[in-house]
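Note that the chains are named A, B, C and D in the order they appear, and that numbering of residues resets to 1 at the start of each chain.
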Amino acid sequence: PEYVAQFNARIDAGGFIEPKDWMPEAYRRTLVRQISQHAHSEIVGMLPEGNWITRAPSLKRKAILLAKVQDEGGHGLYLYAAAETLGVSRDELYEALLSGKAKYSSIFNYPTLTWADIGVVGWLVDGAAIMNQIPLCKCSYGPYARAMIRVCKEESFHQRQGFDLLLTMMKGTAEQREMVQDAVNRWWWPSIMMFGPHDHDSVHTETARWGIKRISNDDLRQKFVDATVKQAEVLGVTLPDPALKWNAERGHHDFGTIDWDEFWNVVGGHGQCNVDRLAERKRAWEEGAWVREAALAYAEKQAAREQRAA
Amino acid sequence: PEYVAQFNARIDAGGFIEPKDWMPEAYRRTLVRQISQHAHSEIVGMLPEGNWITRAPSLKRKAILLAKVQDEGGHGLYLYAAAETLGVSRDELYEALLSGKAKYSSIFNYPTLTWADIGVVGWLVDGAAIMNQIPLCKCSYGPYARAMIRVCKEESFHQRQGFDLLLTMMKGTAEQREMVQDAVNRWWWPSIMMFGPHDHDSVHTETARWGIKRISNDDLRQKFVDATVKQAEVLGVTLPDPALKWNAERGHHDFGTIDWDEFWNVVGGHGQCNVDRLAERKRAWEEGAWVREAALAYAEKQAAREQRAA
Amino acid sequence: MSQQHLEYVLRLGDNALILGQRLSEWCGRAPVIEEDLALANMALDLIGQARLLLTHAGKLEGKGRDEDQLAFLRVERDYRNLTLTELPNHDFGRTTVRNFLFSAFQVLLWERLARSTDTELAAIAAKSLKEARYHLNHSAEWVIRLGDGTAESQLRTQAALDYLWPYMAELFSADAADAAVAAAGIGPAWSELEAAWQASVLPVLEEATLTVPANTPFRSQGRLGRHSEHMGHLLATLQHMQRTYPGAQW
Amino acid sequence: MSQQHLEYVLRLGDNALILGQRLSEWCGRAPVIEEDLALANMALDLIGQARLLLTHAGKLEGKGRDEDQLAFLRVERDYRNLTLTELPNHDFGRTTVRNFLFSAFQVLLWERLARSTDTELAAIAAKSLKEARYHLNHSAEWVIRLGDGTAESQLRTQAALDYLWPYMAELFSADAADAAVAAAGIGPAWSELEAAWQASVLPVLEEATLTVPANTPFRSQGRLGRHSEHMGHLLATLQHMQRTYPGAQW
């Protein structure tokens, strides 16, 4: 009870909870779930972009994409490390991903069908992710907040690169412009679904009270839509929503009805890529088993040798 | 001794030896080796051509190539069947191939690097094979001779298709003509090596006496060179041998010195593709083990069911 | 109408082209030589069907495109094959189950199309029907053998069925082009064939001791030109020569 | 001379390009995330080297071709990479052993080229040397771990070494372009580096408890433009976009 009061006071004062501090079990569990889910998303998120590395249309773009995918793996690594400060191991978390027990962001169950998708993933998907993540830089759990600061910095760099890729294509041939528009048509709705269910359908009271989630789904979504509309104009693409228009009264853009059936279908495992994504990650894990075993065996041998030598 | 006399008389009279006939053990062994080696060559020979099926530049050529590769598998099958009449099993023979104990034609250790190679393999490699094989249609072992009649008929069809492919390319763009010439440059010498060492370096006395090999390596090679020179003129390609010219006195074409070091290197396992070809065949065999086991298990279950029902 | 007629024929042609391409990847890789030949033979049949169908589509389109221009020189969005046909072969089990599920559909389709008011299409259907029947018999026998074989083969075959089943929904869902073609008497809406397809497929799956997966809300959209990530890689290979040497004759 | 100079730089550029392409196939497939990052990082380094080297080659050639035209729009015969670099990745063992054998060579080459009379090349070498040293250290550590790990990893790593070793002969065999470039003081003939390469490589293989394979008469000829069957498939993927959309900017 004394601990609880201290914990609450720290959070109310906008301070950070650190790994050695006392925390409620539910707070810990919520963080483990959220941080590991985030880490899994980075790792699974390498696949749709990795799909285009070998076919990137210029060496410069190939290099940019390689660097980006590497950043994402890096984000995964330090998010797993942040989760580990809460007393779980990376292997444990990773196996929950592979067994299907843990989730990752549903957006990565959509396919990258053309090179323009690589730009749109940077522009819209990373853009939406940043909106979601910026408030997390001030979340109450210190290691998570610090990881997010680094993640956000790199993500906004990726978003600019995605936008630049699209801008180059929009200045190109008619075929290229068509490719961009097609990609925008496919990714727009999934992107705005990334903010999750409407506030009236979602229960986030605890994460809000604990200072984990500081802004509501609908507020973040609105912010994203407002920011993206302007960027779409610069690009010269049409966002595929006839209901999308400026509402002077609200000072925001109105937009159409989200197809939540589709959202829940994909979350439930029935998107285009759910099965393939997990299968690819499982295959990599299984095919790499002998390597991990070898590294372990060698480390043990080395330790034994050093002990003998001592 | 009486058997031996009968056997020899039959051969001298140009008759056929059939599976149930008595035959010298050495004759049987020689035939098993030669027929199975020939079967292996058909099976391994599917790989260099299979390499281009998915990239064939027109649907018509893709269909022709699919049909051709299928024919080759078929040749393999009936040659294994001919070998089986001599009291060995196909699995036994095939395992000798996979373990590296048995040989296959060294020509298939050269790579097919461009689409023109598909034409040249048909024209030169199948052409040389036919030269080698036509005399076998009259070889003393009945099942082998009959198999070869069918093989030769299909092979000469393949050779014409290869020639037609090249002719089409030679009528095409400069790039296509260059591709054909490059392929001819790479395949010419390996093709004339297909007839094996010079007569004075090879020991075939027994196979000749037994009516298995009826024409010598050098005679077959000469016949092939003479026939091919004319076809090369029709195509408009240059055979890569400056010493190649008509010798009116001999009534044949003279040609340059064969690089037997290369020949023996490739036979000895050091060609471009020796390792990969065998690895691919092994992989297919290993990855298919569960299928063969399933077929066997099912057949046994069915037999048991039928027995119960009876 | 002629746009939907073209669409319908393109779908038929692209199904044959893309599955033929996939099956031709098996060359030299099958578990036994007999199956190497059988798979090459099916690939050959399908490529043959694709040639006739794409030639016919080119005529319906009326822009002078021949079979090769249609087969090799479209962008991914313009291919109309079912997503099912473009999925990677994976193992012999998945390849066999797909051949079974798809050829059972093809048999029904060609039976109906053999009576098409499009006489060219009717002739292609009559020829293709014989081939599809062979594909169906051959693959059905293997599905039974593999399903009712060893523990491992049962597991693999069930996994193949589980993987492929959700992609079958695309074949039987309502579609505008389909409806228009059916109304014009050119061919059946594919959705009409669902009951007959189930009647053809389910007894074999039962004999194979396989469990029919539950239906899911997933709908692939290959025939609308929205493909899977696998399609682009297939096309990079398929199109390589024609893209590299534009205009050349082969 | 300038023809051989160009040839020499193209070989360097194509080695980096093609091995970079192969390593980039690993994305999302490595045994642990750290190696996913390490392999992507090496791929990135190599693609970076390729960009500089191909840009330089384009200038030497003087026909106005830029890095992308050289990287994406040549025919197979005109790529000058070692056959070693185009071989499929196979498993992590083969990939690692190749990275080790090749980066040991690159380190020696860049050390020498850092003093090249071609100042552009010298600058590229100085930058690349640091990268190659990291690749060498990283892969050598893994070679030791895998070689001296479990029975299975020993077997796989030895198999990788046995498979790759014959392709090393190409690096050190005499070559006309090499000789001319060496005579002009632009860079070493690669054959000069063999002893130093062995001195770098053999102790690691020994520590890894691996057996050095016997030399064979096989000579691959990738740097003369005669590649393996694997190269065409790699190029179909690499070139796909540029071939499909000629002239577009990306």
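The rule we apply is simple: contacts are C-beta pairs under 8 Å (C-beta built on N, C-alpha and C of every residue); 3 or more make two chains touch, one makes a residue touch a chain.
These numbers come from a predicted model, not from an experiment.
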item	value
Identity of the chain that, by mean CA position, is farthest from subunit A	B
Distance between chain centroids, defined by C-alpha means - subunit B, subunit D (Å)	36
Whole-Å gap between the CA centroids of subunit A and subunit B	57
Computed distance of Cα centres, subunit D from subunit C, in Å	41
Multi-partner residues of subunit D (at least 2 other chains)	75, 236-237, 240
Overlap residues in subunit A, where contacts from two or more other chains coincide	55, 175
Chain contact graph, described as a line, ring, star, complete graph or other shape	other
Interchain pairs in contact, sorted by label	A-C, A-D, B-C, B-D, C-D
Complex contacts: residues of subunit B adjacent to subunit C	43, 46-47, 50, 53-63, 66-67, 69-70, 73-74, 76-77, 80, 115, 165, 168-169, 171-173, 175-176, 280-281, 283-285, 287-295, 297-298, 301
Of all residues in subunit B, those that touch subunit D in their complex	48, 51, 55, 111-114, 175, 182, 186, 261, 265, 268-273, 275-276
Subunit C - residues contacting subunit A, complex	75-77, 163, 166, 216-218, 220, 226-229, 231-232, 236
Sites on subunit D touched by subunit C in the complex	75, 233, 235-237, 239-240, 243-244, 246
Of subunit C, residues touching subunit B in the complex	17, 21, 24-25, 27-37, 40-41, 43-44, 47-48, 50-51, 54, 67-68, 71-72, 91-93, 144-146, 148-150, 152-153, 156, 237-238, 240-242, 245, 248-250
